[in-house]
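Look for subunit A in each of the two complexes below; its partner is subunit B in the first and subunit C in the second.
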Partner chain A sequence: MTELKHYFAPTSLDQAVECLKDGDVTILAGGTDLTPQSQAGRVKIKHTLMNIRHIPQLTGITLEGREIHIGALATITEIMEHPLVRQHLPVLVEACDHFASDQIRNAGTIGGNICNASPAGDTLIPLLVLDASVELASMPEAKLYRHTMPLSTFFVGPGKTRKSLCELVTGVRIPLPEQGHVARFFKLGTRPALDISTISIGVAGTLRDGVLSNARVAFGAVAPTPTRAAQTEQALEGQRLDAATIEKVAAIARDEVKPIDDVRATAWYRKEMIHNITKRILSHVAQA
Partner chain B sequence: MSLKHDIEFTLNGVKRRVSVDVTMNALAMLREVIGLTGTKYGCGEGECGACTIQVDGVSLNSCLMFAVDCDGRNVTTIEGLANDSKADALRESFVEHGAVQCGFCTPGMIMQADHMLHKHAHPDEACVKRGLEGNLCRCTGYKKIVDAVVACGAAEVTP
Partner chain C sequence: MNVAEKKARVIEPDSLIGKRIPKMDAPEKASGRTRYIHDINLSGQLYGKILRSARIHALIKSIDVSAARALPGVHVVITAADIPDQRPIGVAKDHFPLKVGRVRSQRDEIAAVAAESEEIAEAALKLIKVEYEDLPVISNPEDAIKPGAALIHPEPHGADGSHLHLKQGMSIAHKGKPDNIAMRFDYVHGDVVQGEAESDVVVEDTFKLHYVTHCCMGVSGMIAEFDASGNVLMYSNTQVPFLHKREFAEYLNIDPARIRIIQPPIGGGFGSKLDIYPFEVICLYLARAAKRPVKMLFTREEEFLASPTRQPVLLTLRSGCKKDGTLTFRQVHTLHDNGAYTSWGATTPFVMMQTFSSLYRVPHCDYHTAAVYTNNPYAGSFRGYGNLQATFAIEQHMDMLAEKIGMDPLEFRLKNAQDAGEVTGQGMSFKSCGFKDCITTAAKRSDYARKARENAANRDKPGNIKRGIGMASMLHVGGGAKIYPSDGCGTILKMDDFANVTLITGASEIGQGSETVLSQLVCEELGLPISAVTVVNNDTAITPWDVGVHASRTTFIAGNSAIGAAKKAKSKILAVAAKKYGTAEDELDLRGGFVIQAASGEVVVELSKLLRNLHFQDKAELVMTTFYYEPPSVHQDKGFKGDVSAAYAWGSQVVEVEVDTDTGIVRMTKVTGAHDVGRVLNRLGIEGQIEGGVVMGQGYALTEDLLIQNGVMKNPNFRDYKLVTAPEIPEMDIAFIESMDGEGPQGAKGVGEAPSICIAAATANAIANATGVRMFELPFTPEKVYRALHGQTPKLYWKPWKAE
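The block that comes next holds the complex of A and B.
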């Protein structure tokens, strides 16, 4: 690997993706993770350090047709306080509210939280159950190329994503929830502030006459990536959320996850908590 | 040799030009390059809040920020609050409530409390605790710190 030789702060998206062409670039946005990781020597900065802060195309939260677009540089605080997000995506607000501390929420960006690809990333679980897509930009030829990818297929391992070295995450797109949409998020940790979750759970769907359809369930910190739970979703789909169904689904959730033992909890504990909290969340959804 | 970059930014109301190591964090720049040692190094990982500064009107951990990222921005440190009447009231309230023990967390606490009081002029106890959750006091003098901030907000007259 080459040594850091160049610092670059582009002011347009074209300049940024042009710079990414050679693939030997470390991208800096909020810096809340890159700064301590690089200072401690856990992350080595590549040939170029590119600070994307001054690219206007990466900012802002807007309604575009039937989608909410959140720019990659939107901070956790901006998202949490934005009227569009508060009105349509309260589950994302809830997750942001449990994110680190005020100082870190003021600096950390959603693009950074996505690209870090931590299995415990706080915004990733609500984004997964909201069916979000990641928006990517690159410059394969001389022209800007943009495409989107479902977030559910974006993560491949801890800190690893399907984004190539030549691509930049420009934002995230979230479809406007339909009538009857319900969504809940829960983060389990040992203290409210600055904690990395032991587990986290997101549930979303459409509730009509007590029946849940379009069910989406995501779990954090129980697998190498934040992950959708296909079997749990299948067990929930089209069901009336009575006590027996909730118990059955919670048991399926416990069997579906394959967590590991680590400093924060044992695998056994995580499975039990997935069971208990899935049950709790589904009871809340049933009462929505 | 480490890569250097020249940056220009506003520090406590004054334009500054400095040449910094690209890999240096903002805390190291403030303390070691510029010589403003009011901002403290506690943990270097964003856990303790001792290094809290304000950039473009929001509080953040200077240990989690690249120094080069200060370029073109408006940075305020604890030294910059010395001539600020709002922050004066906050400082007086800390003194009055005995909210300072060893004093190491105090600059960070003041910077964060000042930011919070700009967002919530009259915070209650729960709001203050929430706002200061990224700041640790290892003397564990939280009660008096929270009381000082609540009292300062309560005394503040809305213009």
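The block that comes next holds the complex of A and C.
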């Protein structure tokens, strides 16, 4: 049972953030996380249930200067099929392709994936290695206030973010990758469809003359949040990807992560997989 | 009048047997029109919900339902205290529907509510207060049989600690048990000591089989209603309506004649609906108390928590053979985790011992099972009935023995495989047997020998993907199983004035396609199209007796019964026609809706016209027949010996895999099967049955794993309980061996369970072929495989309690 008293479906961003002011609001986007979580009693629907799906400002995927902007309501399917994303951000397409099933991809949104803040959220790893930032909107006074925050600082724990109760995520911004940019994503699960990641790995950087710079490495499902791996990135930075370096970096990655045992896998297996898959991805990148 | 017109019309011979006939219920199901129990609502109906235990093993100190009773919209709240006439239920009569004084597992039923809506019933459950006193939890069967282990069903003691003297013949639920052993099975033929002495090589290994559950897409449910005279009407998904009618009557302490069971279309059974579960009896109690119909439907989570599982087994197998490849003996000990109560899972040894004693010729066989109580979920019957577990062990040993004596595994299998005409040590008599054909066909079509050789040679080459191929074979009952006093099925057949047939059969349809195949058999006799048949099969007040849908028996038993009724109708029709047209009966036949001259196919009369003539005359008559078929099988004796089935089904399956040594992920790429099915009746139906069974076997082998820790189910949901999804389903090449069984309907044998039996065993052999590593514990999830490949899996050994 819920405490739901009120249902609200704003048609503008202003109406939405205004409604959020008192904080006693549950935001509904695609509902693919919210529905099972509230039915299982893990999440309580608050006083007001606000359906944000009718807010035009939250939709669309556009090129704005040197950034790609993805509206919070963009579904996984839309992202996967969008020409801008396919051209500039193939690593995000890769992650979307391994996301749930067609039905869920048609309903689930990127805003929902970000705000659900699962350590295993599949778009989060590519977004992290692409240096994405989150766009937030609120109405502290009588006026709409917007600001952005690097995604790498956004997550604080499973289901917990730095977003306040009065804020709405309006979208993500991703800088256009430069020449020589390479990025890879790998999701490991028991089966190819409809699976929560046992671990996931994203690697990105600029590859020039066999040397990797601006190295970005992110891991999913090995910590309370999806995280960048600072030591692994450092070990990669400015390196030529030969077999010895790859082996060394993979070993550092294994030691850097601190996963837990759960129904999907033990910590030991997760560490092994971080090692083996990091190695596999880096070998692929080296051959790119 | 020209000459052509004068010539009589000729109907060419045609047959429905072996054709691809769409299932009769498919259009309704595919278009979403089928009305399952979920879609049935009776006026005045209340909604029932059950409060389950918050503890795994505990004494119930008190239950307070006052707040729940006071909630508006609640009609009835019951606990054991409200039902003084509760009778123990289950295969061993070891529990009450509503638990009395003690809970023994997570699913245990404490109280139940009937209310005006599901939401109110849910809210009422939350208001029930229960005080517990925890008891030690036994979650491991090895602990449960240790001397001095805490008892799950202790004998009752008085307040002073003295034994309460209870009457003889009382059920376990009343008198308890002095140990945790729920059931024992001991079987022997020959002398294993002698067998071992004659052996050149002996292997011994322990195998561990896990919990999986049926995952029927339609969750469990029931609607119960008492009429003004106290008669009971139940809408139930049972697979055994006639047995349950009797059993429910016992639990309600009323005459079975007052119970009527209607089965709505059933959303999956696979054996899960062979036993009566507490929720069904509780639903009846609620309806009786409320004097209103009560509907109870499980949530998906409840379906996981409170429906039965496949039997988990710990098994130590010792096998031997001579250098020339002759099998000498097998010795088997198993520990069955019975869970807190006894359902059909405990009786899987009936089937398991058949595989050990009779799949291959083995002169000496010794089999022992102890099914022990724990605080875990309890296992029921599940497609294959222990045979997946037994085959997993035996077929790995076949490969291992062959390797030890340096013999080709195919040759080794063929040398020991059964033939038609053999009577096994267990007394099974193989009248038709296509086993050797199955082995050679599956091997040939999959190119087994070449691939096995090449894979083994490529094992140590660089690269993380290793290919493997493995084979396993099975024996299963294919002509019913004589477990109950009768293994029969009745048919009533009626024809109308338009030569349409109503086939009233005792056999239930649970999605397996029985309606279609039975109609086909009847039409084959009567020379009618499938569209002429209406099947009535779901109401105990109408249909004749049948023992139920189990043991792969429906096509065989109900098929023979339907044919019997059709033959009687046919001979009546032909007799009438012969008299009317002045010929002999044996010169006539039925074909294409006509009575014809058997020799020429020339039309004598339209069948519907003949039927109308018969009906609308002075001595009016209808064509209505009945038939009861009882298979010529026998009950086993006390030593489990006897020819329990009228026919036996055989099959061999070859599984091909790719093992990723970096991750442990096993991809099943191809399954090649050869099944001795007697004869293919409905090709479309049998292909569907085999494909579905293969996928079920694949889930058992690779992904499905119901995780139980300290009695708590960790993954009662489809997110973490991983069924196979469409992209993982392997390519399949299925061949049918038609051994034309003499007793089978049109030569057919049962095949319902067969296709799921070999997959796990063949997968184990394929992984060994790919990697050189043997795995003895299911399922082969990525982490388990990865551990095994990296030497992180300690060798499993369970020392049998009586290893002679």
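What we mean here is this: the second predicted complex is superposed on the first by the 286 of 288 C-alpha atoms of A that agree within 3 Å, B and C clash if a C-alpha of one lies under 4 Å from a C-alpha of the other, contacts with A are read in each partner's own complex, and residues count from 1 in each chain.
Here is the rule we use: contacts are C-beta pairs under 8 Å (C-beta built on N, C-alpha and C of every residue); 3 or more make two chains touch, one makes a residue touch a chain.
None of the values given here were measured: they were computed from a predicted structure.
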Comparison of subunit B and subunit C by subunit A residues contacted
B
So in the superposed three-chain picture, is A:Thr77 touching just subunit B, just subunit C, both, or none of them (first/second/both/neither)?
first
So, A:Asn51: does it touch subunit B (first), subunit C (second), both, or neither?
first
What is the contact status of A:Thr266 with respect to subunit B (first) and subunit C (second): first, second, both, or neither?
second
For A:Leu194, select first, second, both or neither according to whether it touches subunit B, subunit C, the two together, or no partner.
both
Taking the superposition on A as described, I'd like to know which of subunit B and subunit C A:Ile277 touches: first, second, both or neither.
second
Common interface residues of subunit A with subunit B and subunit C?
101, 192-194
Residue numbers on subunit A that touch subunit C, as the complex places them
1, 40, 101, 188, 190-196, 198, 263-266, 269, 272-273, 276-277, 280
For the complex, give me every residue of subunit A touching subunit B.
4-7, 9, 28, 31-36, 38-39, 45, 49, 51, 53-54, 77, 100-104, 106-107, 192-194
How about subunit B: which of its residues touch subunit A in the complex?
3, 5, 22-23, 25, 44-47, 49, 52, 58-61, 63-66, 68-69, 71-72, 112, 115-116, 130-131, 133-135
In the complex with subunit A, residue positions of subunit C that touch it
119, 122-123, 301, 662-663, 665, 703, 707, 714-715, 719-720, 722, 724-728, 781-783, 786-787, 790
